[in-house]
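Down below are the structures I want you to see.
Across the two complexes that follow, chain A remains constant while its partner is chain B and subsequently chain C.
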Partner chain A sequence: MTAAPLALGKGPGTPGRVRRILTSSQGAQATAIVVFIGAWQLLTLVATRVPGPVEVTQFLYTEITGGSHGGIITGQFAEHFAVTLRHFSIGLFIGFTAGLLAGVLVGSFVIARALLNDTVLVLLAMPAFVWAFLTTMWFGIDWRAPVLTVAFTAFPFVAVNVAQGVRSITPELKNMSSAFGVSRWKQFKHLTVAAVTGYIFAGLRFAIIVGWNGILLSEWFSGQSGVGFRTRYWFDANRYRGFVGWVIVFIVFIVVLDRMILNRLQARAFRWRDPVEVKAELSNPDFDQVGA
Partner chain B sequence: MTKSVSEVVARGQDNLDQAQRIAAGSRRRRYMAVVVGWVGFLGLWWALSAWLGSEARLPSPPRVFQEILIILEGDFWNQFWASIVRVGAGFVAAVLIGTPLGFAMGRSRYWGNFLQAPVVVAGSIPGLTYAVMAFVVFGISFWGPVLAVGLISMPYVAINVAEGVRGVDRGLIDMSTSYGRTERQVFRHVVVPSVLPFIFAGVRLSFSLAWKVGTLTEVFGSSKGIGFQVRRNFQLFNMPAVIAWVLLFIVFMLLLERLVLVRMERRLFRWRQWERDQ
Partner chain C sequence: MARLDIQRLSKVFPPPQKGADPVTAIGEITLEVEGNVFVSIVGPSGCGKSTLLNILSGVETPTSGTVSVTEGGRPARLGYVFQDARLLPWRTVIDNMLYVRDDDGAPASDTASRYLEMVGLEHTHQMFPGQLSGGMQQRVGIARAFSVDPDLLLMDEPFSHLDAITARSLRDHLQQLWTATRKTVLFVTHDVVEAVQLSDRIIVLAPGGRIFDDIAIDLDHPRRSSDPKVATLQAEILGRFEEMYPSNVSGMTPGDVST
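Showing the complex of A and B:
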């Protein structure tokens, strides 16, 4: 009975209850986490330079609580994280606002679409590290480099999604509403806003994912502070436990923000649509057109 | 009262001509707008660079164009080919790893649940992580970008294949079995053709992301390729060359996507032609 769970609940001797728990959806997910940590631990036995889970946890504890890493180097989690969050939100605000404006224009007017379509296409294809390089060459090592890297990488993704949303408003519904005397304000509220909200949200999600990658790159290449800078600091110091610890921090941040918060909010924004369809759409992580 | 046939035909011809004229007019207007868009973009760029008045900040379009010509005459194809081979090999790796994972996820509910979170997390990891990891594992090497592209594209392939496996027509399998087809035959002629488009869709979806991560990896650990060239010119503070390499990269990436991928798609899905025609 004690050894049976290792057979992933498939062994003939496994009691029914344990087996049910292990093969349930939560059981499978929990097993995945255990297997991952086990594989990581095994890897450290083979490749001795790879820091193990215990080492990395210890590092993160010291870094977050501000303890000493040995010598005069102390943990500086809050400082660097705050700097990155500040730059990230300013850049995101700029990129999102500009993208919203461009998206509404491109979606509403054929001429605007013809004018801006190719530019947006080129911007979509631009790798984020190029913005990190360009902004550094323009502004030097400065707060404007990470902020504008986020803004430039986020902008085209918002614009494309908003334009798609604006174009998705059906003229039939609008005509019918006008014919039945629905007021302008109500039309805007119940038709335009309802149709576009979901797309704006999708745009915001893409903007957050690509912008996060952008700010990490910018701070890595030319930062003096921030998450990306601190990750590089440990990498250059050959302290891989610090590097892996910070990588885990920025992955956890984006996964929690995207999958746990934004995904739910998006489901709420789409709640007027067919719930089954929306559920299928959202449970499939389509990272369609996500840029690196 | 009675209209002759020729009259009706003539009227119809008139209407058609008029419709075509209107269509041609709006097409022309659209082309004009695209041209104006490009001219406006270049004009804005030129004005901005003249206003800044500094080659190191924003070189003028002719200066960048000159640089592009120099690169095209030089070793552009060499560098570009190096990047293509790596990214292509990365896609092969992604398909080789992602397809079995996708099959497992699509066939069994247990493995679907087991792999769901790892695949989602793998798909959300910033490209920087993969690039640095590839550099740590392989140093300056051919295999770094291959690993990074393989890792970044794998989740897309796995999720799409899982979707494809779940969507295989049960009726078709049941019918094939009852007509005495062997399991192998069913796999070869029913399962594979239905899943193939999904493998391709996975590669297609991750195409631009994979290219970006591939070049980013070249920035870190490579002595060749487009990413390396961008980094080298960044370090030399050669702004015209940075912009020239990036523009070439974007143009060729878009061309590759439009020409090669669209063609491959058509070839792979020839057998579904009748479906689309209906």
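Showing the complex of A and C:
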């Protein structure tokens, strides 16, 4: 009689499976989160003014459910978040539309490039907090300050990317289209729009990320409502669990938006650029291999 | 039956820089091509071969002279194969095939698929050009040009950017396609051996864009370069070039024409 060999690492729950999960990219991400929360909790042991994860979670629960923070102060998550989303959407629309137009002009016409290229680059280098200050100086405590801060910070990122997309349409492709007599509408649809779409998503993604930072600053300086305003409110009140809680909301929103939507949209729009090695078996293979 | 009629055609480009002379790409060329023939235009770099195709396809306008490409009295439909494949990188192979067609329904898709199959790329429909090698992209370019059912197919040194082995493979694909369809083809190349293997007629251009010679090749298609008859003819014509160029064409030597 012989003993059956042990199938270590084969069954569910065995060390091999655990190792595979831990060493996968999802496992690594989950590990990073756990390590971060653990380090945060440890930090609260030495820095007493730093609120711990449990405290912050309790605060966020109260803020989101509209419960009482003590006295007459109640949670106002939905109100402030809605205000910020409204400001952000309007500002992003303005910045995106202007960036799209400027990008098409800069990408298409030499004279427009000469006129606008440096301006766009200067705007690109301008930090968001400068726009937050400037718009507050121009408009005071007003809804226009956060809206225009988002518009100004988003604009150059869209313009630069769209211009790059327009320039990616080479004269050779235009000549090919003309030689085959492809209609102008078809050229617009399959050549111009299709070429620029990926770059629009890339520009939009950057615009959303920098615009989101801009609106926090602007509302912090000049808002009477919104995420930035509420974050400053808790900061001024020396309630750091509130401050940290809103900062986390701010970060989680943009990370989830980027990971779940923007990144996927951009990847889809640019999937033709992925250097994927396709394992297609050709019926007539010669020395002419895929990806060679 | 496609008919190409070129009368006293010339193309002069403006001086490339101040004080320089205008550049004559094509002198006065008169050329007639009729029927389902494969015609090669051979000549050294800068003799106006590509400019001639660009004028025929409407990308360039001539300085003087006339060009007409007709099929049964109506303007002929043109197909074009370029030096590089010129595929839209953001469109799949099948979408690139359909891009150049007037219709894009099921029949167009079937036609495109048939030509892809003829060049051995039936499994690449949903692939993007960036996922194909240069040779495969050029095969798509050839299939695309045939799929529009052109009356006249213009080919501008389509194998010049490829390595010798891939180019040989593509020449075989091209011969199969041409034998099956018998399109009128105007094929620009600087490779005399390639021209002899593929063509019914070779027109030799000299620098300055003048027609230097017009040679008929009377051999059956498809041809293999290893076929003794083809090899003999290639050697004979190469020999003619080597004898002719130094003595008859100013500034042109045998080395200007690739062998």
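To be clear about the criterion, the second predicted complex is superposed on the first by the 253 of 292 C-alpha atoms of A that agree within 3 Å, B and C clash if a C-alpha of one lies under 4 Å from a C-alpha of the other, contacts with A are read in each partner's own complex, and residues count from 1 in each chain.
Quick note on the criterion: a contact is a pair of C-beta atoms (placed from the backbone, for glycine too) under 8 Å apart; a residue touches a chain by one contact, two chains touch by 3 or more.
Computed from a prediction, not measured in an experiment: that's the story for all the values here.
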item: Which of chain B and chain C A:29 touches, first, second, both or neither; value: first
item: Touched partner set for A:135, first chain B, second chain C, both or neither; value: neither
item: Touched partner set for A:266, first chain B, second chain C, both or neither; value: neither
item: Touched partner set for A:225, first chain B, second chain C, both or neither; value: neither
item: First (chain B), second (chain C), both or neither touched by A:161; value: neither
item: Contacts of A:149 with chain B and chain C, given as first, second, both or neither; value: neither
item: Greater chain A contact set [chain C / chain B]; value: B
item: First (chain B), second (chain C), both or neither touched by A:191; value: second
item: Partner chain in contact with A:84 - chain B first, chain C second, else both or neither; value: neither
item: Shared chain A surface residues [contacts with chain B and with chain C]; value: 284-292
item: Complex interface listing, chain A residues touching chain B; value: 8, 23, 25, 28-29, 31-33, 36, 110-111, 114-119, 121-122, 124-130, 133-134, 136-138, 209, 212-213, 216-217, 220, 228, 235, 240, 243, 247, 250-251, 254-255, 258-259, 284-292
item: In the complex with chain A, residue positions of chain C that touch it; value: 54, 57-59, 77-80, 82, 84, 86, 88-91, 95, 99-100, 117, 119-124, 127-136, 139, 148, 154, 163, 165-166, 169
item: Complex contacts: residues of chain A adjacent to chain C; value: 172-173, 175-182, 186, 190-191, 194-195, 197-198, 271-278, 280-292
item: In the complex, chain B residues that touch chain A; value: 30, 33-34, 36-38, 40-41, 56-58, 109-111, 113-121, 123-129, 132, 136, 152, 155-156, 159, 163, 205, 208-209, 211-213, 215-216, 219, 227, 230-231, 234, 237, 239, 242-243, 246, 249-250, 253-254
